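Chains: A, B and C, in written order; residue numbering restarts at 1 for each.
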Amino acid sequence: MIEVDGLTKEFVVREGRFRRRRRVVEAVRGISFRVERGELLGYLGPNGAGKSTTVKMLTGILVPTAGYVRVAGLEPSRQRIQLARRIGAMFGQRVQLWWDLPLVESFELLRHIYRVPADRYRASLARFREVLDLDPFLQTPVRQLSLGQRIRGELTAAMLHEPELLFLDEPTIGLDVVARQRVREFLAELNRERGVTVLLTTHDLGDIERLCSRLLVIDHGVLIWDGGLADLKARYGGERTLIVDLEEPAPPLLVEGARVERVEGPRQWLRFRGSAAELIARVAAQERLIDLQVAEPDIEEIVRRIYSSGR
Amino acid sequence: MVDGLRVYGRLIAAQVRSQLQYRASFALDAAGTFLISFLDFLAVLVLFHNVPRLAGWSVHEVAFLYATSSVAFALADLIVGHLESLSQRLRTGTFDILLVRPRGTLFQMIASELALRRLGRFAQGCVVFGYALTGTHIDWDVGRALMLVVMVPAGFVIFASVWVAGMCVMFWTTEGGEFTNAFTYGGQFLTQYPIDVYSAWLRRFLAYLVPMAFVSYFPALYILGKDDPLGLPRLLQFSSPLVAVAAACAAGLVWRAAVRRYRSAGG
Amino acid sequence: MRLDWEIAKRGWRRYAAYPAATWAGVFTNTVFGFVQAYILLAVYRHRTDVGGYDAGDTVTYVWLAQALIMTVYIFGWEELALRIRDGSIATDLSRPVNPQRYWLAFDLGRAPYHFVFRGIPPFVVGAFVFDLHYPSPGLAVAFAVSVGLAVVVSLGFRFLYNVAAFWLIDHRGVLRLSVTVSLFFSGMILPIAFFPGWLAAVAHALPFASILQVPVDIYLGKHTGADLAGALAVQAGWALTLLALGQLALARGTRKVVIQGG
């Protein structure tokens, strides 16, 4: 579905107010990967790592500086319009719906833009209305929708023309737990039932854990990981953090199987592997606990660690 | 092409429907625009309060120039005026959304809005045109009638082309929108008066480089049966449609080049 | 005073941050200056004096108008109206500085930037091509004072049509109407000297002449001695009147927000 080989993008940045100097920034530096039809993969990396630049090149928005790209057998930058019929895209917070029109009008307009036949459109919309529960706000102007409603609208808009490949940028950002769950289920089903290939750009570890079997991690324009999530965590993200609030400030705790990373008054941060329950029991045996919480390593941190470990 | 027009019709119809939902506010807005544009024409009348003729043109003849240019400009404003939202689209990144849809970007930009209140200015142009007819003696014949029918669409295309080409500045600097006003609003201001009031260099620039003189001046010379005080070839008086086609092609090329630059330099 | 100075510095910096916009604007002002100058000069092919203006006065007028167009910010301002509409005005009102004082200080920081960078460049271009008049040092000082007062009058008026947003669902209609009326009656489109007698009388009875016509007349030496003092006094009178009306309207609008919750 996607073939990328040695893909590179350089930008020329001009700096300085008066004496402007040209500086070439390599946003993406010779990355290569393949995505098969029907895969659902996560694409992640810190802000400014080259994620969105890659997606822009895959969708034909940006012309690559060098390298080979084929998406659905087409060259995105040259065959942008043909490719556009076969892919769907949703760019996070950027609204692609018509702000002042009722939601259903946006769908109607997109139907004409994509030349979707009327019967196919009706069938497709009916399905989204059911799965994403659109009916309560179908006639509401987009500007009056809640974020969750709007995201469901945006997803529908990206999918109405039944694309084979879907690019989603942070589809669950800012959503509440229920809405997030619904969107995840929807994506999983889409991928499973319809065989739609999905490339998901996200910071949300939950999205990745629930959805993606394979991960691509990019940092400083270089692909630093291509593989499964379990492998990634086993290698770099095995440690979790237990945050405990003690009754009184205490010197760093000495507990088996954990080391204290930080102390702030009565609050301490303990890094550990394995079972949280056992560790909590051990800490509770030593000190009086007021409160505690277990923090999963966030993806930013994992990425940082992969990078600092020299790949 | 036919499909494009049909889709344009559909897209615009949806916009119009939603604007008409607030009928009272729309009517007020259009009436306001109509009245406001009258103060603009009042300036022409005030000017002629001081002189009977300006560079050999009577007030009614200038009104004829004004009206034809105003109608053409109003149409251009209606169809492409909202392209100034391009700077916002480029800043927020929503322009990229147009690039992942299977249509041309310029087409999608044009089809993204239609502000009906701008019809107020169109109505003003029509009224001023009526005023112009009350004081000019035009020997109407088939040729003149035909010219009148052709000059307004041609003027619209010229204005719209200048607008589109000017907007492309924003692909280089999103703050540059004001620059375009020099050619659009400036062009409209200028075509309301006979171009022989301007000095030679400004005239040449306008007549040939930015083809504003073809919006109203040259066709008006023919319809009003006036001698060209500059003694330019008569053929120019009939070339507005050709100039319009050329301007549209040039604007399309400039847009393409600008989008290509955007896609390789990145937003 | 210290606070006003800090606010004013922000006003300057806000616009200084967009140099490309400034140059684009200078270009546009220059083009309009040329077109308007040639149109008005065509009148002088038939006569040598219009309402006390000779050809030199008129072209000077045109270029001064282009130079002041941004300084007095006549093309419309809706920042306050937008804050009223989206409710941020509540935050502004909770601050210990009166919103009108804030915007006046801000505007008095903005205006010098626009005078220097949007006003002087087109005027210099005009001076190269046309025979413009230049004032004596004394008149130049009077002109500077008058431009300062013009900015205050302009802000006083802009503040009023912005505050209207307290009572209107859509402030844009009023904005457009206000801009058009002030453009016309300030003499920005045509010098008031070109107006027929009755219309000129109307124009001089309105505050808008104080935004453009009065400073330009002072520059051109049309007011001398006691007359000059009178012209400045009229400007100051309008400035105070409009600011007072603005305070009144703001107080009423505030009461409306407090009572009805916006």
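Here, a residue touches a chain if its C-beta (ideal position, glycine included) is under 8 Å from a C-beta of that chain, and two chains touch if they have at least 3 such contacts.
These numbers come from a predicted model, not from an experiment.
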item: Chains contacting each of chain A and chain B, listed by label; value: none
item: From chain B, the most remote chain by mean C-alpha position; value: A
item: Pair of chains ranked first by number of touching C-beta pairs; value: B-C
item: Closest chain to the centre of mass proxy, which here is the mean CA position; value: B
item: Rounded Å distance between chain A and chain B, as computed from the means of their C-alpha atoms; value: 45
item: Computed distance of Cα centres, chain C from chain A, in Å; value: 50
item: Centre-to-centre distance between chain C and chain B (centres being mean Cα positions), rounded to whole Å; value: 28
item: Chain C-facing residues of chain B, complex; value: 25, 28-29, 32-33, 35-36, 39-40, 42-43, 46-47, 49-55, 169, 173, 175-179, 181-183, 186, 189-190, 193, 197-199, 202
item: Chain B contact footprint on chain C (complex, rising order); value: 18, 20-21, 24-25, 27-28, 30-32, 34-36, 38-43, 45-47, 50-51, 169-170, 173, 176-177, 180-181, 183-184, 189-190, 194-196, 199
item: Chain A partner contacts - residues on chain B that touch it in the complex; value: 3, 6-7, 10-11, 14-15, 17-18, 92-94, 96-97, 99-104, 108, 112, 260, 263-266
item: Interface residues, chain A side, partner chain B - complex; value: 9, 11-12, 27, 53, 56, 59-63, 77, 80-82, 84-85, 87, 89, 91, 94-96, 98, 100-102, 105, 108-109, 112-115, 141
